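Labels run A, B, C and D following the written order; every chain starts at residue 1.
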């Protein structure tokens, strides 16, 4: 059982020193009020193969996933180009190997390619060595297919282990984008006992800014069983953007080409991309650009105190 | 485990030859910009008996399913006639045997009768011989009841096995409509090693263009537990139609008479049928007509690379 | 396995005699175009105790259910009185015994009290003798508490067995309201081999016209996990009413006082009650009144063919 | 099995004495028509650790929960201050120990700190001694961290046992806020046989007035899988407020800072807070203020009859 007396956010003795303080406000370039990134997780077949390896037998399910790299990505690349937006695409190694032309097309269009595991495998409960092997396998695939050494990482299923940030730092990653405890990026201290030590940049995400919960329908694999109207999803995301902009936050939307690459959804998304990209108070950029900017601010690293394991 | 190095979409050696390319654009008849089909899966009792054979004991559940052929189909036939739309009805063999008059009425109204399995049984993981037997049993039922030899097939639960297209070709089917990897129909190569060989026409579907996820409530059998407003469902489908038309795609809506045959849902659906059928830029047709048109284009067959089984 | 060759809807030999024909149109009194009934299932504690007997330990859950008879019913009685609507309340025997004053208040307000099982127990798979005992126990409770001998029945969970209609007929019930295969009431033949024999009136319901799927949230017991906006639910029901009225159907809405008795939901429901009750083309009545009218039409009984058990 | 003949709401013998009567109307201060409270359950990490202790390993999930005390609470405190609203924050002991500065900030802003269990553990089926220990552990944590002795309690998961009110009374609590059988607060008699005896004030809640069902998405832990639009949630809550105000009720909204503290949701909530707080006919107060007012009315205690255990 987790012992709260040893996992509190103040220094022992109750001296009022807040160890787990909130992320501090971030100043954006050129006097912009807020930042925004449109990110894409190119899960394709890997996301369902990781949930159930036998789903590879289901030709229709596989075709549903392949829609992402085959049709969704090209459509989204055209969409982004129309609005001059540079984005970040998180690509599992398996996707790179199965759909190499898609990954090269993304890179050729000037977007960032980042790491998203090998087979989009959940890392919950995995030891560091096993997780390191999957990280390296993903790196190899991106290198082999697209000649890319990514600086950014997003955990499959957004499931980071407490040891993952250290593994990322060892491999030279600049940033992670899998945590949900702030509205702005911050320097994440590597370990609770090293507040002044090494850190990586964290660019937080939010389940409320993800298309999976709105659109994903994969019988026996994932989803609530319902499929939402893009008008509802995008209206909700716009509301979040408006409120985040007001407070100087960093809007990070996650879309999946096999979901949001469908024509009606892409059209609804384009309305939001157009609005955000045209907003003079918002800096729309890739996560790499955002992370490099944050790194340049030399923020004090923020500790996130781990919990004892159950 | 699936080996991505042998299941990628490029020729071995990384020569950049893309084996699993996207479907190519389709030219529609008479200079139309796009195509549309309103299709109906007449599952009736079979869909729930296949999920749980003991559901046959549940008189109310059976009556809920029987609503489709008894009330929904006649209402939808009147609706289609009002707008001069020819549609495709996918009929499981069991439905044909239990509701023969309904099936004959569909055919008499000039619509296409197509194959939808025997008992709407999922074919996930079944071997080819077992699946072939179910296919033949379904063919026999449609022949016996309605004197029909169908040219089209849609897999129950939209679950195709990698060997299914070959079984369809052996039985002389012109087309399948169960995959989800394109916005337009294409020639589906039979086997990855035969790009220039035999093929069947594939007319893709999409879970987002299906009424099951919006309306299906079958306690202990299927559904999310929620029932959506037809206004929401049809608004979402209209948005998809509008975006697909813009890009020259093929809009294929799947409705179930036991669901969309209810008065309020049929009324909402009629608004969309009216709009699509009256659109001068859209060719509204049965899937058979669409597949014959595509066959006439002599497209190069497209390979869909199977995955190793898990 | 169900044998479709012996459970089809035509006479053996394929003579084209349709045994399971749709319900025929119903002529409504005084030249009205359609009928409507607002019905209430007063499940209270029984509905959750039947799902899980240990839920009786959960004081908060029990209080959530008790809201129905304690607060919801009085509010709904006031609502119905404001619009001069006579309704049908289906009352499980357990509810009558635990909340006798509520049941007497319903009767005193001039509404119909009908049978809804004893503990709202699902009868799926129960033999006739066991089901008969529950029926009699429910009859006894309504007699003891309210001096009522009901003429109407609605199965708990809307789960009728094939033998239930016969049990109802033996006990002198005039009608059942648990099937879903028509938009109008009909005479339900007792047994497929007795088309000209005994029958009871069936007044069909529909899962789409029920508040459970919209509002019910009972952790670990029932519900999708979501709670819908009354504005959505009532808009959907209004759409169904409008379409049914157009076709001369019988609109039967089912509400649960523990759900729709909440202030905001009752206010939304009142908008619909007001509209329907004021519509000169619609006959708003209790199910008993509707069933007596239908009985007076001397319709030919309709057979519903049972399925072999799985 | 529960025996309804001994758990009915009338005195034995059927004398018509209603034992479990509805709560009576409440007169509000200064001639106000209705009351309203905006309450916050600061579950943070505890809510998921209680569901699954191994979830402490999931760094991203923990960060999602930590968002509440780190970012959500400060934002909500600013929001409440803008509208001069005093609120009640239910704080599990674990949250107090892990996020002490947050809890002190809440108290420093003048809001009420109330009891919400120790680790937000469900007490379903726990014996009184075990439950008492958790209550005392929670009391100790609030005392140690914030120097607070709470007068109010809300059960984790809103799961009260029949013995819980007695445990609260023994510890000097003024009120509980976990039941759902009334639209107004009332005096809850401690035990069915003591209608004139001791009581605590109950301020009822409602699942329909809770943000969990609208926003909570915690894979493998909780939620329907969908995330709702704040516009929908707040519109529904406003509708309930409007209807409750009309009838003199007490509107009690429950929000979770890790959910409703997100920018777009807080902005939507602020619209409702502004409207309610500015309404001259509504008394907006903390639950402690409401409970003290109700205690001053010297209402006759209301019995809630327990059910036999299954």
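Methods note: contacts are C-beta pairs under 8 Å (C-beta built on N, C-alpha and C of every residue); 3 or more make two chains touch, one makes a residue touch a chain.
As the structure is a prediction and not an experimental result, all values here were calculated from the model.
Novice: Tell me which chain's centre, taken as the mean of its C-alpha atoms, is farthest from chain B.
Specialist: The most distant chain relative to chain B turns out to be D.
Novice: Look at both sides of the chain A and chain D contact and report whether the same residue positions are involved, with over half shared, or different ones.
Specialist: different
Novice: Need the CA-centroid distance for the pair chain A / chain D, whole Å please.
Specialist: 35
Novice: CA centre of chain B versus CA centre of chain D: separation in Å?
Specialist: Roughly 49 Å separates the two chain centres.
Novice: Find every residue in chain B that makes contact with two or more other chains and list them.
Specialist: 224-226, 232
Novice: What does chain B use to touch chain A in their complex?
Specialist: Checking each residue of chain B against chain A gives 1-2, 4-5, 7-10, 14, 16, 18, 20-23, 124-125, 155, 157-162, 164, 178-183, 204, 206-208, 213-214, 223-226, 228, 232, 235-236, 239-244, 246-247, 249, 304-310.
Novice: What residues of chain A sit close enough to touch chain B in their complex?
Specialist: 45, 49, 52-64, 66-67, 70-71, 74, 93-94, 97-101, 141, 215, 217, 219, 224-232, 262-268
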